[in-house]
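Next up: some structures, all given as structure tokens.
Heads up, the next two complexes both have subunit A, just with different partners, subunit B and then subunit C.
Presenting the complex of A and B:
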């Protein structure tokens, strides 16, 4: 292009220059936009790490909170062990409720349902996914708390409602990836449908299901709103019994950040650091599971 | 549609004439019940929220929706100021977040060097995974003082002729802070959906445009944007839905005032934030019921917003199907 008559096409004129400038400008703006996102992420994570790291200690992880409002003796070492224990119990229970329910929904949608039912259930899951977390908190408040009082069970149910569409969606997606040849092969050798589904198809998707479940756990571990009305009026001390309201990490951060005491803010930052680290590791684990399972399904298909 | 689909459906349908086995019935039955359960769950949510709000509905009627004021002493409650706050914060966050999110999506799908693409995509997803309570804590303690001392006065002196940018108050917790926090929260949602949309633009269309001599920006404006338009609109609506429902981060940063104020640098409140900030302190049955009435309004809006997004996605998918054919 550099030689010959074609060079006349390359000769810059005003119009071409303007188009090139517009192009450069827009490319620059896109770079800038990406920089803005990375900047905000960096600033948030850095603030949390810097303020939280100095507070992290063995006591912070193993000692419970003292009663607020000056009831506890001063200068007593205190941590958030009660919140860690409560989050563990509530998120664990929520996973136990949402996982089987979500997988069954996905099996129905993918293996049994007609096209119409499939899209109806899909729409329902999307609507459920769009219900604000705070509304789900009020739903469980009306369903359970009004009659039976706050409990970790109620909190776990609220979180399970949030997890359900996430787990079901991701399971539907991986079930759809399993090649039909596998189903046909199993049916052809005389396996009943239930054994085909549970024994042949589902095991192929374990990695994908676990990925979805891990991401859902990472998401609800940081949910505050549904727990405010279901598991926030807590007794002091570390408890594990799910029939009483248990403190959780996000609710603790929410309460501590509203306090006027700088020491409470410091604890809130440390709790935020633990929460973010947990979520980061969970997401990384989910990524790893996802690539592993995709390879496995590809091998089964190929 | 194609012959492939026919074999797919045939493989999944029970064989006609074969006796149903007990195991099949149990699995299909329990899976069907689970799927029905999801439908029932949505209905149950709506019913329980309406039931909780009934006292307030029968006391105030539909006037509650527009009544401005929240007076626990005289038992006069209304959603007007919170609806206003929700609308202002969500729309402003959407206006701020959309261009940045589209920029990120374009960067990740068209511009980024191969080595940066993966890491920055992962970083954007990480930003989406940060819990709202952590963003709220950061917004309250780190962001709010910076905005109050530097950004609010600067905006006021530059744009003070618009009533929205009135004289800055002494509080860092105000509507503007909440808007910035919401922007950060919905940015990754819109960006990651848009990125996938731009990646799904057929490369022969893009190459065709570039081959005709367009610059990269002209290709994006003329080919990629029109192709992804429906999806981007749906992504914006989903981000908007997230913004109107966000309770915790907004509740921590908006300052909780129950009056309507045109000035963004004054405290305000939203439907969701009002509920979150009063979780311990409903002083009467009527106030609690009114809070649930707020939740009901929120529920109605979020369902409408979601259905609208679904409708747009389906319409766009149908149109793209026609285009491909």
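Presenting the complex of A and C:
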């Protein structure tokens, strides 16, 4: 390359100036878009925190709701422990159902299926992901609740249907990131496909799978509609038995916000704050787990 | 690969020198007396509708190093990946012809590719160690194949054979990814030979390595061929001249409508290929007039 005329470096001409302006402009737009997203998140968190923080207390987390309709003893401290317990049970069960299925679907699609099957399953997952939650709630209502009544199992099943495409999709994506050279390396020593997948490919994806699972948990932890159909007619008090309908945080928020009592509204805000905090810590925890497992893989203890 | 690009004239003289040095080792017995490991007949390999390789017929022999040389795109890699069914992973891949391995056609549909690869190991162009410890890289295959007795001795033996033991014996638990490129490639060789295959295929094993690491790997081939048979793809002619007993020259043929495919031009003892090739195209290639 000729380096004869370097004066161009000192004397910016018009075209260079125009490019610089365009560059700055694009940078600014991108920055603004990011700022708007952060701004709205900030507004939501702040308004929820402002309205709900005053209600947050130890009792709020540990005492159950009283019966609605004013039949409960007056001035008794009440909380939402029943809703937290129910959400914990239902989301936990849903994760236990959706996670293994989602991972198996992803393994099949990415490691074994033909190209045609792969795109067909991918499309199915996208459609399932696009089905409104209320439709899934209604589907589970017809499938389970009509015959067996409401239960945490039915609610968990509905949430699992929502989680399944999220878990499967994110696992497919991380599996696709594992380089083929690793699969070839494993196959070349004479390992069968399933050993290659379980022993070499899957451990590479633990971080991504956990992150995807956490996002799915965060998504369904706030789902209300499917639970209205499947687990909303609840007994008072804190219960853990999944064969009966259990109160959940989003359904509690929904009901409390409909109440005539302003104290109930404040409780709804506080429950929303707890939900947001849970999602925040779950995401942070997932990240921590992901980096830890990645470092562990890199250090290769297993 | 700049160190391998030299002037044509000096390149050919270097090769001849390498061949002469090489020939001091041992004369090859006549081919009829050698034991065939591979007998390949009319192998044609097709990706989608594009033939990558047409009508290749050649043999590879026990305890010899067989090199496959040729310009980029001549189907060398496709060829060697046919020998352990690695192309099965490519959805659009098809092949015709037979590849007899000790008399058994391994290209046949009813042959289990996993069993084939268990006998015929492979080392790849880019070192691809598992993201596990050095020890586990070698031990994983052993565990999968149920060779769990004397695991640590087997690992040590493989690493010693791959001339890596002294460098890693104090840090077997360290990640394989902490090794240098040349060490990683030797680890991959250790991983391949740990499971005691019959043949080791090498697809340009030194193309991403510096000359010293390359030399180490070539030295390994010399030492290991008493135990294994090797088929090695290389685009470095000096390397073929240094390590190979037999050399196959592949080149690109062009059809009337501009289609291109790889073809076997000439296959003979390495000395013959580099000093007295019978095909003009081979001569042009090894003297640096082409490719």
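Just so it is clear, the second predicted complex is superposed on the first by the 243 of 302 C-alpha atoms of A that agree within 3 Å, B and C clash if a C-alpha of one lies under 4 Å from a C-alpha of the other, contacts with A are read in each partner's own complex, and residues count from 1 in each chain.
Criterion: contacts are C-beta pairs under 8 Å (C-beta built on N, C-alpha and C of every residue); 3 or more make two chains touch, one makes a residue touch a chain.
All values derive from a computational prediction rather than experimental measurement.
Q: Would you check which partner chain A:232 touches, where first means subunit B only, second means subunit C only, and both and neither mean what they say?
A: After superposition on chain A, A:232 lies in contact with subunit B alone.
Q: After superposition on the shared chain, which partner residues are touched by A:204: those of subunit B (first), subunit C (second), both, or neither?
A: After superposing on A, A:204 lies in contact with subunit C but is clear of subunit B.
Q: Which partner does A:184 contact after superposing on A: first (subunit B), second (subunit C), both, neither?
A: Both partners, subunit B and subunit C.
Q: First (subunit B), second (subunit C), both or neither: which does A:195 touch?
A: both
Q: Return first, second, both or neither, reflecting whether A:218 touches subunit B, subunit C, both chains, or no partner chain.
A: Only subunit B is touched by A:218; subunit C is not.
Q: Using the superposition on chain A described above, determine whether A:90 touches subunit B (first), subunit C (second), both, or neither.
A: In the superposed model, A:90 contacts neither subunit B nor subunit C.
Q: Name the contact category of A:286: first (subunit B only), second (subunit C only), both, or neither.
A: After superposition on chain A, A:286 lies in contact with neither partner.
Q: Report, in rising order, the residues of subunit A that make contact with subunit B in one complex and with subunit C in the other.
A: Touching subunit B in the first complex and subunit C in the second, residues 180, 183-184, 187, 192-193, 195 of subunit A appear in both lists.
Q: For a test of understanding, state which residues of subunit C touch subunit A in their complex under the given definition.
A: 84, 86, 89, 91, 114-115, 117-119, 121-122, 124, 126, 128-133, 136, 140-141, 144-145, 173-177, 188, 191-192, 194-195, 197
Q: Quick one: which bits of subunit A touch subunit B in the complex? Just the residue numbers, please.
A: These residues of subunit A touch subunit B: 19-20, 22-23, 25-27, 29-34, 36-38, 40-41, 43-45, 47-48, 101, 104-105, 107-109, 111-113, 117, 120-121, 123-136, 138-139, 141-143, 161, 164-165, 168, 180, 183-184, 187, 192-195, 197-198, 218-219, 221-225, 228-229, 232-233, 250, 253-254, 257-258, 265, 268-269, 272, 275-276, 279-280, 283, 287.
Q: Which residues, counting only subunit A, touch subunit C once they are in their complex?
A: 114-115, 179-193, 195, 199-200, 203-204, 297-302
Q: Where on subunit B is subunit A touching in the complex?
A: That would be residues 7-8, 11-12, 14, 21, 23-24, 26-28, 30-35, 37-39, 41-42, 44-45, 48-49, 51-52, 99-104, 106-108, 110-112, 120, 122-127, 129-138, 140-142, 184, 187-188, 191, 215-218, 220, 238, 241, 244-248, 252, 272, 275-276, 279-280, 291-292, 295, 298-299, 302-303, 305-307, 310 of subunit B.
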